[in-house]
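To start, I am sharing the structure in question, which I have written as structure tokens.
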């Protein structure tokens, strides 16, 4: 819609929604993510909303099914007439609806996925209504190589990547950067996301005598890969994705951390070590919904998604709340989010956050924890350009 | 009382009409479903409902094919999802290569038929659970191909004729899933396609082919002695089933116009088997009913009412329906009629209900 | 003494009323037969006794114990062994294994000396008898010994089963399968042996044999309840007979009387 | 009855592992005859039928079948092709399709009478419709002949045994057979039904012009209906003769009938 | 050489896990004439229980495994009593879909146990083991292999050579007639389900140290177990075990020496070709049918 007042907006209410997998095999992502969003919106509404409007949040459960995700996305926009999609969720649904959403031009703030298709450094027309926050996998891959070189003096890099979007995206990012940074990609090994035996991958890394192993995979497969490396007797340091930079994942590989066979590093686009106030607020609010989620990375993500949307609303403030105004407001200035996350939508950039912290797993009193090695930095900062 | 009587009369004549002319029954059914594509324009239902029904319509076609295997031929396939994927992704790829939609579809169906024939040949040697798992191998191989081979686009494949979004039919009508009106048209088109596949299926199973398939599965020896070639009908069954599955995939591509490469999994194959089982073995309407129960009920109602526990509830629903209706929920009609007659102290023998209906639902 | 009492038993399959308040009794150590036209409810009655079917009404007593509420396997464990209509052998296991599963319920127990087969006389049993560690007529055998003894007797009755013992049961000829079904039942040392059309598909010579075996079994103390199409021949060996039609017992009496009742034979048995 | 040989077994042998189920067996059946095949359980009767109808192909010796004065070696035909030569069978253990109506079960016997293909069936072309109609009428006529016409729309499952046996016979008639071979058609029937079957087979021979070879243990039935009887034992030929002579044949008595009490 | 041995040892461990899962599937196949797709999920939910006990109460892994066996046993009995038994008249294909319903129920229940993936350590810490030509062979691996081979042997003997084993086979073949033989068929199927659940849970606990406890932890294991059963033959108990080892070997070797992406596809295709020539697996026999 050009200049008319947008859909889903009334005097005292603004309607937003998302479709996500809150049941089935990925419910463990969708549930806490939704809870994080709920918690933030509840907090805002309790404070009287934004510019006199409460935020009403509708959610559908698509069970991680592409067709159903597409259907619900259309339903949200056409039937429910939401003002914006917040936390558009999951690779299947997001990749399926990208073009449709660009055509419609509805704002979507935060995607719960980092597929490459979201990367757009010159957004035009409807593409401008897209606001990725979470790092795009390709970008993360680039950061990973940079960290491997800058922090770990790597010359030969090995990559274990999952046969899924995140794995492939990160690999692409890595491949983009190796030439600039003058490192060799000495071994690449693909693993299935649900593989139970990754000895091939581990063996390939050892045989190729790499300096750093980048594990480009999410929780389950990444942990499996770490243990496979340990089983194979590896001593090569490991760098893994931001997806795994939470306490739970680390608990899962705590025996490796304890044994000290090799170091484990991770990217993190959220830095909870440096932003204790934000964490306290989050914990206080999420506990009203489910205290179990207090340390859950997906709940953090949902919280940030909601915060990003609300940031836009606040910027529009008392002005007329239309899509166009909202988009302009988001582009206006750096979007600063909880836990030190900063995203830049100016100059038609739609590339998510590209700055990340570098964490190292350590064993403190027999408990594995992430310690911040380097604060949130952009690639430029990392390689010191 | 009077009203009830005349109502009964009308109902009876309708049901008689359906019996003597089943084809018009399917057409009427198709018309009713197609109206879901129009009703949202009058604000009577939501557009979202249409999307859910599109899914049901598409999977009805896939499940019909599977019903040829499961219900009529006593064969099983755990690779169905792979073929639906083949239909959807194949259409997308051929369109991208510049073929007209109709040619792409024919090509995809042809390839699927060949695949079906190969599996049919295979099934002559490998039977029972071995065959089921062999088809699972095929499904897994296809899955690997979809996600690994670049031409399928990685995550998903956008379906489009030419540069513009949408699919061009008959070389001139471009229909885009993005647009509500187009989507309604697409919905009506796939409903018509479903109706046609239903009628074709009905004709097949009520013909010599249907009888031969059943003879082959219920008593291979009798079938052979009567001249039914097992080779020919195994091939027929698998070719039909894969073509139906693939055609379902084509419909998917046509309606949703965007195809994921990762969703053609064993889980989906099981869901489709579930549709046949829950709805009704050998029943065409039952197959639709099964798709409706397994996909429609959770997505139209359960998810919203039950939230978190809807997944559990869907599982429980499947289990309960199967325990109480081992041959499919479609037989609830017979039971209701029976209960009705029981109330009225109806004489079963006279109603001829008992032998004809009871025996179907008691099939073990 | 009546070993089996069936009182007012009423059974239906959905709408089909297959048994209507049927009463029968079976005397211990007798051969009782149930005759009747096709679909009369004979098999239904036998299945009710072995508790395969739920009753609408009525009760069944075996050796003065109410078995109405018991499961089929409990009833079998009590000694009621049913040879079902249509063989129902386990086709995918060997003939020998079929016989062994027939002996599933066998427990150790007393066996009269005359019932011990020559080939089952193990040194242990011989010794038992010699050292007089046993009563005059009976000896306490282990489960294994009883099973072996039964097996030897079954092999005697149906030598072909011995020849075919390692063959998968499915591959037997029709008649051989029928013999296996009967032999399998005998493996379980029945007290009450229920036979549903045992002569089906058997050669005349074997049918004669089987009737002789049944007589012998009765003499050995086993009670027999039999349903047969072959009415005349059955009446010849039976002690007592019932005639059933569409779920009703319409006639009963001594078998020897029935055999001389031309009216009955004509009307109900089509002779 | 003519003396034209219709079926000829020439030194037929069939082995299962070490077991000689059929052993150098020769006999022949003439056109228009009803021939009985008797022998103790396990003598190899069903096996012979399986060889004739090519369910077993590993037999030695030859089986010839006369089709239009030409003696075909059946071994050259596939199991599914035997029916097309005019030879069709029933089964010792009923082989029916429980979840099809009786009429449809019988139409399976006409499988090869259909000339239209799957595409015309799919589209229900007039030709296909007409064909189906004609064959249905034929099936109905056969059902009437066997006195089970009223049951035609009922499912096979749950029908009394006697009816099931008739359905198997009706099914064979659909293929216009020159010869029908029946494996224990009277087993499980009561005396009344056996009598009826006897009549049906008699009439069938005339009405449908078929030759019959049957296996049966019910000696009354066999005696009444057969023109000639072949007796076998342990897969070997014992005798082939008229019913009376077979009954008094000492070898047959010893192996099969038992001495009269 | 050490490359080879490392892969070999890893494959042996993986193969043992597949073997356990396959045994459970074969057991249900042979007693209930159906494919149990829920085998993996039943193991998974019990692994969740075990992991929770381990984390929340700090109980020792051996003891936890024991408790998990008990909960598995109960799960099996529960599933048999409230679902499989009432469905005893249901045809095998529909029964398979019932197990799919069970999967949905369990997947739905898991978040109530834990929303996060959990960790179960190895029975014997991975530092203990022997070194063969530069490749570590852990005692834990040896333990898993021995246990699954012993279980296989036990089941082989039990089903093939005991009275109750025979009863199990006849129950599968024809339940009604088995009852007439005095076989308490309800107990037989119940115990089979309970035991299959135990096998699945063992597989889960053994694989957990590698893949973490999460909803799809047994997905690959389950599918591989089906493949193992098919390759080895469903009507034997040692066949699937051999099949399990072959599959895990073949995957790792084609994956390492030929292609990490297409390794699986190569192995699956080879198995399909193999099946065409040996349709009942390596050890399976064609069932006898008689006309």
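To keep things simple, chains are lettered A, B, C, D and E as they appear, and every chain counts its residues starting from 1.
Heads up, the rule we're going with is that a contact is a pair of C-beta atoms (placed from the backbone, for glycine too) under 8 Å apart; a residue touches a chain by one contact, two chains touch by 3 or more.
Model, not experiment: these values are computed from the prediction.
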Those chains which touch subunit E and also touch subunit A: B
Furthest chain, CA centroid comparison against subunit B: C
Chain whose mean Cα position lies farthest from subunit D: A
Rounded Å distance, subunit B centre to subunit D centre (Cα mean): 41
Whole-Å separation of chain centres (CA-atom averages), subunit A against subunit C: 74
Separation of subunit D from subunit E, taking each centre as the mean of its C-alpha atoms, in whole Å: 49
Subunit E residues counted as touching two or more neighbouring chains: 107-108, 111, 261, 264, 291
Residues of subunit A whose C-beta touches two or more other chains: 23-24, 27, 31, 163
Per-residue overlap in subunit D, given as positions that touch at least 2 other chains: 46, 55, 91
Subunit E-facing residues of subunit B, complex: 70, 76, 122, 125-127, 129-130, 132-134, 136-138, 140-141, 144-145, 148, 221, 266, 270-271, 273-274, 277-278, 308-319, 322-323, 326-327, 363-364
Subunit D-touching residues of subunit B, taken from the complex the two chains share: 200, 203-204, 207-209, 211-212, 214-215, 218-219, 221-230, 236, 282, 355-356, 359-360, 362-363
Touching residues (chain side subunit C, partner subunit D) in the complex: 37-39, 160, 171-176, 178-179, 197, 200-208, 229, 231, 269-271
Residue numbers on subunit B that touch subunit A, as the complex places them: 46-48, 51-52, 54-55, 147-148, 154-156, 158, 165, 177-178, 180, 183, 252, 256, 258-260, 262-263, 299, 303-304, 307-308, 310-311
Partner subunit E, residues of subunit D touching it in the complex: 46, 50, 55, 91
